[in-house]
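Same chain, two partners: chain A is paired with chain B first, then with chain C.
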Partner chain A sequence: MAGILDFAPAIVLLPFVSFLVALSVGDRLPKGGAFAGIAATAGSLVLAIATVLTVAGGQTYDATIYTWAEGIDAVDLTFGVLIDPLSAMMLLIVTLIAFLVHVFSLGYMNDEGETGLPRYYAGLGLFTASMLGFVVADNLLMAFMFFELVGLCSYLLIGFHFREPGPPSAAKKAFLVTRFGDYFFLVGVVAVFATFGTAAFAGSESFPALAEAALNGEASVTTFGFEPQTWFTIVGLLVLGGVIGKSAQFPLHTWLPDAMEGPTPVSALIHAATMVAAGVYLVARMYGFYAISPTALAIIAFIGGFTALFAATMGLVKREIKQVLAYSTISQYGYMMLALGGGGYVAATFHLMTHAFFKALLFLGAGSVIIAMHHNENMWDMGGLKDKMPVTYYTFLAGSLALAGIFPFAGFWSKDEVLYETLIHGLGGSPLLLGAYAMGLLAVFFTGFYTFRMFFLTFHGNPRSQTAEDPHGVRWNVKGPLVVLGVLATVAGVVNMVPIEKLLGIGGIDFLHQWLDGGFEGLTAHHYADLIPYSSSYIGSEATTVAVGAAVSLGLALAGSGLAYLLYNVPEPIRHTDRLGRIKAVLYNNYYQDEYQVWLANGVARPLARVANKFDGGVVDGVVNGVSGVSLFAGGRVRRIQTGVVSNYAALLTLGLTALLLAFGILGGWFV
Partner chain B sequence: MMFDAVVLQSEPAAAWTAMLPAILLGLTGLALLGIDTLYPEETSNTLLAGVSAAGSLLAFGVAAWFLVAGTGQEHTGGAISLFRDTMVVDGMSLFFTLIVTIVTAMVAVASYDYLSDHAHRAEFYSLVLFAATGMTLMSMANSLATVFISLELASLPSYALVAFLKKNRGSVEAGLKYFLVGSVSSGVMIFGISLVYAVTGSLVLGDVAAALGDTEMAGVLGVGVLMIVGGVAYKTASVPFHFWAPEAYEGAPAPISAFLSSASKAAGFAIAFRVFVEAFPLGAIPAGVDWVLAFQVLAVVTMTLGNFAAATQENVKRMLAYSSIGHAGYALIGLAALTAGGPNGDVLGASMAHLLVYGFMNTGAFLFIAMVEHWGVGRTFEDYNGLATTAPIAAVAMTVFMFSLAGLPPFGGFLSKYALFYSAIEAGFWWLAAVGAINSALSLFYYSRVVKAMWIESPAQDFEIQSRPVGLYAAVLFAGLATLLLLPGFGPVIETAQSVAAALF
Partner chain C sequence: MVPPEYYLLLSAAVFCIGLFGILTRRNALLFLMSVELMLNAANINLVAFSYVWGNVTGQTLGLFTMALAAAEVAIGIGIILVLYRNFDGVDVTDATTMRW
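What follows is the complex of A and B.
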């Protein structure tokens, strides 16, 4: 059956080709290879749309493309493509955002006269290709490899301005911190292979299916002496290490704010569609494996809820526009983790999608502002940009409303569903989930506040600097992507209007639920719903619960936004952070997260490394040196036999032969 | 070609035509003498080198054709016996003929530059060709008498060739030492042959094997067999008959060192394999005469001694000489890992394949030395410092040879050593493989010293390299290319080697 899905590898390969083109001949192409990247991502986007349409028609695709290590009495290591509703949706998101980011880059990089553009576009191309490869991966090892490539590309792009002091350091930090998480992921991959003998995501022989069968006693797997339940939890948590690193969850979130050193379009790509999304997508991809482990789910939910609140509070006091957005990203991915942990698979995927749109929008809007402000990112130098850049203003407003979760923008629907799912499962007898829900709910207030603090400081009031009075204009290549994303951030909620359905009783408008319910048996939303260890309970009736939940979260979002309106929508806003007293210092310093991690590195890891180094230098090298010393000494002795006197040779030769003859003669009994 | 093949199949050619490679080599040697007689005053170096190379390449081509066409192999009616079974042409003899002829061709091409300032060039080339004829005959010898005669035919020109630089004390001294040690070894060997004859009453290998069963003189036979082991050890430069090798290789003209350490050693292994497998088969030999154990001892001692001694040398050529002894030790695994009923074809074939790869990489290394001598650069590791800056292409080739000799991927030496050690493990001799692997690890030390000197160290003085010797470059690059290509092309080589080796059992 040769259909459009057979071209799925091309979605991945096109950006890769643009990477090669930009790398090899980018400096001879107009715009430093930008058009190659735009053409490639546009092609991928078209193919992704076709893929989504085909999947909507009920087709799926799961094929091994290449077996790169054939196991003899062991596992095969393969590359394969898995297209199901989840990956098709993600393909669409990634290709769309990547395409828009490429277009935007024309305005942000080319028009601003940046140098090293071929390197930039090569990085973007490889970044997109890696993420797409990760999305279509049909097994965990392939996912891991592309996961690592994504990490590598983020390193290259965050450190794009490598001649300045900040970016290389930020790039290194992003690389090392995520690598710390990936280390656990790698161990987890090996554990999955050792346990199940396969790392496939889909099918009856996939590891989630085998794990489920093992729990039901229908299959036997190697669990290394643990109870299957315990062991699956351990493996799941190992893989989760990579997720926490990539999706910037507490405590491995520290790299993400620093990563703002990268060019703004790259930030948009990282936050909306690639790097950070990869972690959450991985959990969604292998959700069947997590769903059977209540402990793992609880940990995911709690980390998510905590991160959502924790990051939101840090976002309250930041001065730079991109910093606020960075913490909002951490916080929003916390919501997705909360949803996944709370049994809301569809909710998490929904929020992943809407967040991709509005966060890409906000970053590109911030990029537009930054162009206007001549690369000054301090919000206290802005103000009054509203009238000078209306397109940016209105699209940014749409993005802000979506981020804050204000009805009827996209973020409202998805965030509401995240909280709703967590609430009903929490009410169903899981106090831990209720705690996570409370944190998520509280974070809604802070989200509204920091979002509109940023918004008002940037666009309202009087200009607070020379540049803000006379900002630099932006062109179509900046405005175009903003408009597209602005529309999406406004209306994307319609794909899943569950509250409307529940309240008004209009059936069949939960399109995303239906969408994710298709595809492979075992990878469907209702299968996951059967698996999760939660039961649901409601406040009164289901409709009441929906109404109460939505009202509370909307109320909190409005309250937060309203407070920001009161404090910052004035002609000359002042800094209110001083009122926070000592809390301000704590928040400014991000709860001293960096400090304690540096202390861990210096105070714990370094002495350990020193001991290891001493062992290596003293014992291991000592043995090696000893061996070589003995060898050379022995060699010197051997060399001395060669005297150069031929009669000595004859004598030694004869003696040697005689010795052989005697030894073998006695051994063989020749002389008896 | 097609026509010939048809003729071969329909009407078998005269049996002696199977010896065509050896005949061609001998005729080429005679032709060289003829040329020298016709133009005694000013014999053209180009003509001589060209005729030698052409003759040996022709012999190579014929041998390769025979091997592909299946001459002397089982599917075309088995080994071709000649002269009342004293000579035999089979897959193994053709395989070794390939090694000898290709090395001869490389040496002939390389000598073109090396000999440009020397007199008596025709003698040089004809001696090389006669020695090569002897080596080819060694691979075909099927009787202890022809074994000895062909061995001497190979040895006697070699003595003269080592001493070819008559005005060079080192060369003359090396030639004399080689001759003296060679004489002692030949004496030992022929004594051993006479003892075996005394016990079995025959010199033809098959008849010797047949007579083993009802002998009561196991002791005499044992002494004889061990003495033949000695003769073989001399020709392959194995302990304790190796003493001549470092001196001869160092003193001889470098192309001759290449010739002796590659072709002559391979021919020595050819007689070793045939004599011990055919005349003293493991099933028939009396229990007390354990030549496999003797070869195990020799293999371990030879590779260890060769590598340890090589590690402390200062002179690159001498280091290569000892490394060549070490490689003899590896190749001896082919005999040392034989067992009654074991995977003997695999073991022996792996050893043969290693000798083929070794023929390229070792010849290439010595020819690189010849090039360096031609330039007048010194002989120690220090003298090689920074050579890569002035002669990068040659240095790349030498790097390939060194790493291939050490057995590193992605070069031919990696797979041949791997196949050799793997076959030893297959046969149950994991400890032989372990000793070999440890020695290989040690060998990396001294091989990489050359590489380090050429590429990393900075030169002490400027090299005065005026010439780019075409012949030497051609031979070195050919050897380097072959060493590289033998990695992807190792499959057919090892298959051929193991199938022709299996035919012996």
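What follows is the complex of A and C.
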């Protein structure tokens, strides 16, 4: 039966068509091809909504679309579409954000008179198509290919203003740093193929299912002489390399703040729905594989918790509005990794969703502020914008409250669940998780502080520059997306109000839990909960733990926000962070991570490369040159036979004939 | 009947004269003539054995060889003409420019 899910490939293809249209005839269309992109993403959005409704009815879809390499006695390499609750939800998020970003671009790019718009809209279209292709991928290799396409598009869009010095350099950095991680991912993909002979995500023959069966001794796989447990951990960590690069986790996070050089709508797309989300989504997609490896989970949790805290501290002292948001993105994705590592599959997915809404909102809000400020991003030049741009002000407030995790905004529910899951699993006998939990909890305080520092500096107090006194107005195409996202950032938490359920005993309002419990057997939240190697433990009863956890995180968020309120909600705020002295310098310079990585490249990698070059030039080339030298020398001597004089050749021929005759004669016994 | 050894001796003598010419002369025309002598030495052999065995195959082959020799001379003279045009002479030891 041809259902709506058979049209799932169209969700991916529509933005791709808009990419082709913008690329080929974009300069002849009105608005530089913007309408093609808007129409395509709107179409994808409608299809995604239809998909979600169909999946809600209990249908799933897993089909191979195209086999591009048929294996003879080996694996087939295919493109396929996998629609289950997780990917359907992600499709909805990505298409919605992409659609809003396209609309917003009308205000941010077209109205501001940017040039090169066809290139911009082509990039957005391809970016959206790649991410959607990644989301629906039904095997790891296809996911890898679209993962790389996403990286390519981020390169093209971050470097959009390629005539200035900053953006091309930032684009290169983003490309190279994520590529460093992707290298491990590629090795991981090959390892998965070599181990399981398949890279499918779903079904009884998928690699997570095979890995689980192998651990139970029900299936045998090639583990190259390792214990299956050890080998699966190694493979999982290799794939995790790509995740750390794309999702900007420590230590590969350095590309993301630099990526702010790109146009602001692109930042919104990268941070909320596409590039950075891809890493976390990948872990969620193959969670069944990670869940069987305690070591990999512990590493994910610890990296996540550390990144959440680490990035939040750097966000405290930044001057530019987009830089603060960049560090908050790194920090928030740290929370998602913490949740995944801590066994909170649903919590991570939930935070991925709410974060997509409020971070897209904050970036688009920042874009609106930047339009108003004539592309000045320094918060110390802003102030007092709240009366001049009320729509931006109130939506930005909703986004900030959600980011800080203040009740009852979306971010509160998801962040609370992340921390709650980590806490109960940590209490269940995993001290490492408790450490990661402590870092995540501390980061809540910093998050509240930097969010509201940014908020008050931008919108409150007296204007601190000419442009802030008389800001540029914004139109419907900026306000519309802000309002939609503002509403979502406020209410998206209702899809999963677990604390309310646990405290008041109302059953059945954990909609996201139920949602992710549907779909393929083996890809359900319930199945993952059985797989994870953690046991839960509570402080007192379950309800007490929920209440204590929520109260602590809300209290910390309020404390951070309140401190920012006291310090910065004054007519003429001063630079309180200067009191930190040396610490501020360290934070402002990102713990010298960039310097250290440059040193790593220049001081370690370059000498190593030089030694390798010496070896290549001296030994390898030496052998090759030596062999050819012998040939050349011998050839130079032997060629002297070739005099060019016919008489000599004739003489040689005669001598040869004589010698031959003599030889025959002697051997044949003619002279006896 | 003349015994076949005499034919073979004659043939060997003609071949050696041709070989001597090739080894000692530098004039291209004389070269060509010497080659013809060697070719005809082989012809004598063919005809002689044909006669001894009473079989005309050898004579037929001899006729073919003569036709071949005519063609060879035509090409040979052509080469000599080109040689003359390019090197102002027919000395075969001058034409060494294409060796390496």
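Here, the second predicted complex is superposed on the first by the 614 of 672 C-alpha atoms of A that agree within 3 Å, B and C clash if a C-alpha of one lies under 4 Å from a C-alpha of the other, contacts with A are read in each partner's own complex, and residues count from 1 in each chain.
As a working rule, a residue touches a chain if its C-beta (ideal position, glycine included) is under 8 Å from a C-beta of that chain, and two chains touch if they have at least 3 such contacts.
Here the structure is a predicted model, which means the values were calculated and not measured.
Chemist: Could you say whether A:L53 touches chain B, chain C, both of them, or neither, answering first, second, both or neither?
Modeler: neither
Chemist: After lining up the shared chain so the two structures overlap, which partner does A:V604 touch, if you call chain B first and chain C second: first, second, both or neither?
Modeler: Once the two structures are laid over each other on A, A:V604 reaches no partner at all.
Chemist: Kindly classify A:V620 by the partners it touches after superposition: chain B alone (first), chain C alone (second), both, or neither?
Modeler: The answer is neither, since A:V620 touches no partner chain.
Chemist: Quick one: is A:L667 in contact with chain B, with chain C, with both, or with neither? Answer first, second, both or neither.
Modeler: Touch partner of A:L667: chain B, not chain C.
Chemist: Contact-wise, after the overlay, does A:V646 reach chain B, chain C, both or neither (first, second, both, neither)?
Modeler: both
Chemist: Per the overlay, which chain contacts more chain A residues, chain B or chain C?
Modeler: Touching more of chain A: B.
Chemist: Pick one for A:T654: touches chain B only (first), chain C only (second), both, or neither.
Modeler: both
Chemist: In the superposed arrangement, what residues of chain A touch both chain B and chain C?
Modeler: Comparing the two interfaces on chain A, one with chain B and one with chain C, the shared residues are 639, 642, 644, 646, 650, 654.
Chemist: Where on chain A does chain C make contact in their complex?
Modeler: So the residues of chain A in touch with chain C come to 639, 642-647, 650-651, 654.
Chemist: Under the touch definition given earlier, write down the residues of chain A that touch chain B in their complex.
Modeler: Chain A residues touching chain B: 628, 631-632, 634-636, 638-639, 642, 644, 646, 649-650, 652-657, 660-661, 664-665, 667-672.
Chemist: What residues of chain B sit close enough to touch chain A in their complex?
Modeler: Those in contact with chain A are residues 176-177, 180-181, 184-185, 188, 218-220, 222-223, 226-227, 229-230, 239-241, 243-244, 246-247, 287-290, 293-294, 297, 305, 308-313, 442, 445.
Chemist: Considering only the defined contacts, which chain C positions touch chain A in the complex?
Modeler: 19, 22-23, 26, 31, 92-93, 95-100
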